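In the two assemblies presented below, subunit A is common to both, partnered first by subunit B and then by subunit C.
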Partner chain A sequence: MSQTGPEMVTLTIDGRQVTVPKGTPIIDAALQLGIDIPHYCYDKDLSVVASCRLCLVEIEKVPKLQPSCSTPAAEGQVVYTRSDKVLDARRMQMEFLLVQHPLDCPVCDQGGECKLQDYSREHGAEDTRFHYRRRTFPKPDIGPFIDLERNRCILCSRCVRFMDEIAGNAELVVVNRGWKSHITTFQDQPLKNEFAGNTIDLCPVGALTSKVTRFRTRVWELKSKPSICSLCSVGCSIDLQHRNRTREILRVLPRLSEKVNYRWICDIGRFGFDQFNSDNRLKKPAIRINGDLQETSWANALGEIAKKLKVIVGARGGAAAGGIIGPRPSNETLFLFQQFFREILKSNNVDHRTEFIPGQQDDGFLTSIALRAVNQPFEEIRKASAVILLGTDLPNELPILHLQVRERASAGIPVYLAHHRPTRLDSVCSGVWGYRPGFETPFLADLLKKTAQKMESLLSQEMEETISSFLPGAENEAAGVSEQQVNELANILQQSNGATLLVGESMFTGKAGPVNVRLAAELAHLLSSDVGGPPPLSLLPLHNNSRGAADMGCYPHRGPGFEPIEKPGRNTAQMLEGCIDGSLQALILFNADLLNEYPDRDLARRALEKVPFLVVADAYPFSTIPYADIALPLSTHAEEDGTYTNVDGRIQRALAAVAQLEGALTGVQAILALGERWGAGWRQVNPSRIFEMIARAVPHYKDASWTDAGKGRCVAKPVNISLFQTSLSLAASSLASSYKPPLPDYPFRLVRGRFLFDDSGEKRFAPSLVSRREECWAEMHPGDAKKIGVHEGVMVSLEGVLGSIRLPARISNAAAPGCVTVLGRYDDKPVNGLTAEDQPWIKVQL
Partner chain B sequence: MHEAVFKPLPKQAGRQGVKVHLTARQIKTMGWTKSLQISWAIVKGMFMTWRHLFRRPTTFNYPNRKRAQAPRFRGIHRLQRHDDGLERCVGCGLCAVVCPSDAIYLEARENTPERRVSHGERYASLYQIDMLRCIFCGFCEEACPEDAIILGADWEAASVDRRDFVYAKSRLLAPLEQKDRFRRGMTWPDESPETTPASTDLPEYYQKLQNKPA
Partner chain C sequence: MPETLHNQETRKIRDQQPGKIDEILRRFPQKKSASIPLLYLAWDIYGYISPEAMIEVAEILDVSPAYIQGIVSFYTMFPLKMTGNYHIEVCANISCHLTGAQEVLKTLENRLGIHCGERTGDGRFSLQAVECLAGCSSAPCMQINGKEYTHLTPEKVIEIIDSLD
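Entry: the complex of A and B
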């Protein structure tokens, strides 16, 4: 502690002196001396209730024993933690806690890491004196993830406090009094909160255990490997634990990471591990012979790929081959993938943007990089004086960021949110604004204009023009936000010096992305206290390695480190069109679930059908496999070493937790093997060596090292790039068509969004997540529903120009009038197959 | 004490000083005391031989006769049942973790109201002991909180195939009609369907071992 720190006090614990900041509970002071005072109800991240009474200590001149968790350290205190009086009290307290305990350790999954076992052994009496019938409770069902066994509960209320104070959803409560008191969920409903899994870690006994791991192993059989969660761009540090002697991953625990997830993870990361154990994997390379996919060897498959590609590239040049890689594989795989195309095939047809069609060469994210946006949401919200969220549904997009924003809000930092539908974060926000879906740009333009007016700052001529092109008078109403509301938000922004701006996927992706990011960056500049510094703007890409894919140069027009390429190749959309018109002869799909992710399913399907040579490499049998000419089985995330760059630009390393499935290769191995086969002189090396290559090739990864990445210490440096296209008004004018009124026959706008418990990507292969997933529904405004006579729960069919699906209707004010919202991605509900992306018009029929 | 066994024999013969390998010349030239000594040694040796010929043999007619066992003999394991026929083992894995030779492999499942196998919530769906690894130390028996695994009286486990020594639940579990807890005089259960849980068709021990992570 520095001199300027808080006031310090010195006390004596068990004869040793320790100096701690004033207000520190004795239990923490003792911990500094290495004295572990037994405790159940105390947890440093939760409020103090001092209910278990196990932490009693003796303090000189205080007549009674005091709970050390709720007694602050004071100057000159003399504390004894192991005096006879204390030990006696502990023994009695342990006996008391065990009075009703079933003592079924052999069948309890907590056995082996149970505080009740540990403390009984250390401090408890040998036998019980309670010889009456023990109290028992009926066993409730609180959802597919967590098992509540009330008989084992010691009512420490840690779980209750966690749900209330941190997860922000008081779903667990203690009901009744005295010996009848027990934990329950509100009205015995299943737990809904996506952080509920953390209560399992917090529960000191076996009252809350994981249903997914239940009885599949004992804790002492688990071997742990440090990894990074692969399900969203937060990239939580986790431990993947597998059972000794088998290759089954059986538990995921959070690993402390101060700068990212701290000690919490969300339930999809925690309970989704069964995807790694899935039997439903690609296990052998397959090759199409006479119309059928038939198993073959790797050597054969790679030989065939090399042969075919050589013919195609030889005849038509590298531009006839293209590669689409999803934003999920490790940096090493992404780097090698684009290297394979650029170096070996001499083709720039590489892209990782599978989920949107960028309006311009430089999409929203690249625009933000060029505008030197900080792009560090976690770092930013920690120091910002206000957090402004635009166009993001954090609870469904980035759960842990949601948790941190929530924490900032409860620490008194104002959080403002503007999104096209209500989110679960609304309740903690100091202000919430809704705009009409699809009208992100007019909304931003209006907001920027009003804020600039209020702050009396001048916008550039170009900016002014652009803004006015989106504000043709009454169009303001069309954006769904009233004049007064925008003024209100502008007022707030005007006063929020030192605020940070977080912009979600719905704003920065797609055609309008670059323009939105320009507007948002301008807004951020206005708010920034640091004039001329980088705008406090962070984009929130969603996939676990979206940032890495960008840094590794998986762009048709930018190489590693955003290095501009003179003769840009085709992006995803252009490649798919090339497949259809025959200018692209070979396509490699790598870890990309293209049919489900691409906004225009019809186009993607036709392209995959048409392209003469299609290679699909993936760990799971996604719906692209039936189109493949050659299918390559890859290892899962749990079987491969690699680094991943999270939303903060933090480069983090995950290690393989289990042996590779026989027959599958990791992405790195597969690409290197292909290069080897090609005769390009590539040979198999460890991912750590590839990472060294990356550090040399990508300037802003220069200081990163494999070891440091393992400790989560590496952060990508800011970069200086200039935009490919600079004319803002040009970009804006291309958008004008997006605000056309709906087609007469198709009166509704289809709005899509994310949903945490859906079916997307690998989630489908984890049975536990499938059991928790919520059914897909079509959300409509009550007014619209009334007009066409739809009731809650009725099956409606959504019809677009390209296709139709049937979904149950949900009538809610959350949907904007004239819009139908469908959240999540479901394999069997191809909502991306209804319309083309820029014509999101559908009709609803009963 | 044991070390002596492995020591090479001394060059010179022992206390009697008898040389066994004598050439014809040596015998001719040998004095009468010496020859008496040798003759006496032969008589003594032959006496010993003849005495043993008329003793009762230490070996016995094995498959027809068996040796009586010590009361705490540790033979091949058995998995016990409760009086109501349910299995005692709850699949806690304590036997597996205590086993010094890593001979036990088990997997557990949850009892359902339709299919209740043991008293607790959990039962061992797969329970295998590799008898070739086992050193019959009895630790598993000692660790078991449910008195489920015991080392029985049987010890005859010969086979010509190593795989036969991985005893699955079908060979370990006491048959239903022998639900008493006494281990003496039990014979191996038949592999009848009642004693063979449906779950024994799970992947077996050897396969698990082959998939050992690097």
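Entry: the complex of A and C
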């Protein structure tokens, strides 16, 4: 390619001229003229196989018809796409494709958006000359999401190429030969890949259809509403489709979003829409009377809340009330929630951190903001010369980011990964390092020290001291990474100018979070090509509005826009302790599945039992409901308008797709109604008005607008870091507890991690996802298993000081010695109920 | 590799013939190209191309087991069931077909008491119709454990079978 851009060629298609870069396939050049050449096997994102022969065109001076998908445009070419010769060939090719195709359109879900139907109508013959018995294939079960009907397949192999080239797992394949060829998985096993659902969109015929939508609608009856997926922090653009005038969501399709998910989504987002149709919902407000929760009206429930809170706040001040909101609701709900506490109750007891206990006021994420980290993983990986992943299992945490990193790797960008267990991304990485779980800080400290030495870079005195305090000296091996391995990684880093660092949940949350982020940011600075610029470091929070919850000021010590609060309130841990010691008299849980998410289930349970007044607001009956004094039914994500800020800081708007469930209010409506009831002069307004308030209150949302958010064009601006103290204390002492040796009778470290097909959050209310979920297991190292006589699949009991659970054992080298790994969150397997967070020690018994 | 099979790891080829694997891989610039020679090796060691054999070959080549299944099913020569001590492959392609391959096959089926694609109860013989064996000029032809027999007639094949011990 020359500096003046790609070489251009001009050709004539159907008598019109078009100029395109050299190498463009004719089919794409024609599309620029609005000429849609029929095709099945061609897809612009997949390799070209030219097997369907439908896109044949006539080119002057070329004796035979040529496939326009594999023939590059050339200077002076004269192409005919609708000459008699071409139309004749198309008609015959359609006749061939239909030799084996069943005429079951009336019961086929693809009907209405089927290319075979469309092209038959447009180009096909009326009848066939092939009157043979049609070939039929047995029908395998390839999992709960996708229905494979081989008899309808025309063998375009788009699905096979997608799985191999984009999803990175060639699970689908064409087997056999000639007329016996068909699509299959290995030994007809169920599909495992989390992007498999995209093959449904790619399939031009009805061979791959969705089992979840199957037989529930015809496609022409569906209405689309633009939404944002609510199942992880990537925030994929999706279309929620429902049948007109019903409340039932019937399908989710990806919506093109160049900067985020492009045209793909993961199976969790695609098939999880079942949750919105679930009958297992909170439907009416309920109030505890004589020990039982009894249905009541909203007016009564809100009146009661206002009355109780007024008594408590009147007697003991705002500090006696607290609110915990999950990192999932819309920005508008989050903003109003903290506003309700701060303005009306005069309480700063607000937090959204339901999944970890922050070691100090500013947790890992806030530390990254203070250090000016760019926090834009999607933007960064697009321009970085190397991608370094620390402490993250992307395939299980953020599927679409995983896909994009994979895409970078296949484009030749080196990807390096350090994590405490192997991940499915390992195979595309240029280097993989494993450290012992729990030794994130020493690993990072060692890596930073060695990299700085190699780059002959001086670290600050404070940093040097900090690093040496974290290095266990002779116990270097304890981190599970040898001196040589760290050196190797440091060597690579030293040469990776222009690299970007992505740091996962296991490193930036918890007590060690701020320190880890500090070390990672220092490392990022060393590798940055932009001296003095912000460190190319991005944290990867996991929930759909983790980022928004932080920006909206759902912190006890920081308000909207990270404005410091003079008299900080209590964080989640302190609120729970307050519930137990009686200093907190009222607690509001809003979209927070606290019992399953909080790291110390025992503490959470005791707090919910003890607190005199507990309000729980949610769409689904989570396990916190039985503790509530008042339960409020909320609308689901599909029933409410709102904005959500994704992991890239992109503020995106989702629109309500269906009418609200009768009896439920959206988060915004519920909080506004409570404010109204209180007599604070609040009144019901549209979420767009709340968003205007946010844009005024949060400086880095200043330029965002409700309309632009709907187009996915809004990105949060950099935060004014003067709001943060410049010198951050590294608080080494608060970390000491992490390195306590195992308790005498509890020799194993319990390691937790994410698992995509688990039970967490709303997933358990989506029957489709429940049918795909994989059972929880305990992963042990073969050496440990041998020592205590545990075999693969045997039920073992994991016992901690606080509780025990029984799980099937899985023996695998993926587990570090001395550790038991349990991935995912399961309602019936409360792995967070075994130990206190500081003492993750358990014993394993048969 | 499918996670359900993650612990039923089989390493027969890697345990028994590690040197041979290396020798095969060295012959090709791309790992994938070694699929067919490795499948022959797997056939030797597993006795036929079992699902486990496909998984192991896939692991050696860093490809998915499905990809290997695609290759195995494309070619007629890879047996998906246990073969006999004598594996008879009869060409059924056009030249042989025109010169009497069907009679040869029928004779073998009758003599051995099995159908094409089956194995005798004592495990001595297995019979398979295959595509061209590159013996068109001396059709019809067959091969037994890789050794070629040409210009076949029904009488001649019975003679050949009976001469095997």
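As a convention for this text, the second predicted complex is superposed on the first by the 834 of 846 C-alpha atoms of A that agree within 3 Å, B and C clash if a C-alpha of one lies under 4 Å from a C-alpha of the other, contacts with A are read in each partner's own complex, and residues count from 1 in each chain.
Simple rule for what comes next: contacts are C-beta pairs under 8 Å (C-beta built on N, C-alpha and C of every residue); 3 or more make two chains touch, one makes a residue touch a chain.
Note that the coordinates shown come from a computational prediction; the quantities given were computed from them, not determined experimentally.
Trainee: So if we stack both complexes on subunit A, do subunit B and subunit C clash, or do they fit?
Mentor: Once both complexes are aligned on subunit A, subunit B and subunit C fit side by side.
Trainee: So, does A:Thr246 touch the first partner subunit B, the second partner subunit C, both, or neither?
Mentor: first
Trainee: After superposition on the shared chain, which partner residues are touched by A:Ser812: those of subunit B (first), subunit C (second), both, or neither?
Mentor: Only subunit C; A:Ser812 stays clear of subunit B.
Trainee: Between subunit B and subunit C, whom does A:Phe215 touch in the aligned arrangement: first, second, both, or neither?
Mentor: first
Trainee: Once the structures are superposed on A, label A:Val174 by its partner contacts, choosing first (subunit B), second (subunit C), both or neither.
Mentor: A:Val174 sits against subunit C, while subunit B stays out of touch.
Trainee: Please indicate which partner A:Gln187 is in contact with in the superposed arrangement: first for subunit B, second for subunit C, both, or neither.
Mentor: Once the two structures are laid over each other on A, A:Gln187 reaches subunit C alone.
Trainee: Please work out whether A:Pro106 is in contact with subunit B alone, subunit C alone, both, or neither, and reply first, second, both or neither.
Mentor: first
Trainee: Treating the CA centre of subunit A as the corner point, state the angle out to subunit B and subunit C, nearest 10°.
Mentor: 90
Trainee: Could you say whether A:Glu792 touches subunit B, subunit C, both of them, or neither, answering first, second, both or neither?
Mentor: The second partner, subunit C, only.
Trainee: Quick check: superposed on A, how many Å separate the nearest Cα atoms of subunit B and subunit C?
Mentor: Result, nearest C-alpha distance in the overlay: 28 Å.
Trainee: Hey, what residues of subunit A end up touching subunit B and subunit C alike?
Mentor: none
Trainee: Per the contact definition, I'd like the list of subunit C residues that touch subunit A in the complex.
Mentor: That would be residues 2-4, 6-7, 51, 54, 62-67, 69-70, 73-74 of subunit C.
Trainee: Provide the residue numbers of subunit A that touch subunit B in the complex, in ascending order.
Mentor: Checking each residue of subunit A against subunit B gives 104-107, 111, 214-216, 218, 220-221, 223, 242, 245-247, 657-659.
Trainee: Sort out for me which residues of subunit B touch subunit A in the complex.
Mentor: For this pair, the touching residues of subunit B are 90-94, 96-97, 105, 107-110, 120-122, 145-146, 208-209, 211-214.
Trainee: Can you tell me which positions in subunit A touch subunit C when the two form their complex?
Mentor: Result: residues 164, 169-177, 184-187, 189, 192, 427, 792, 810-812 of subunit A touch subunit C.
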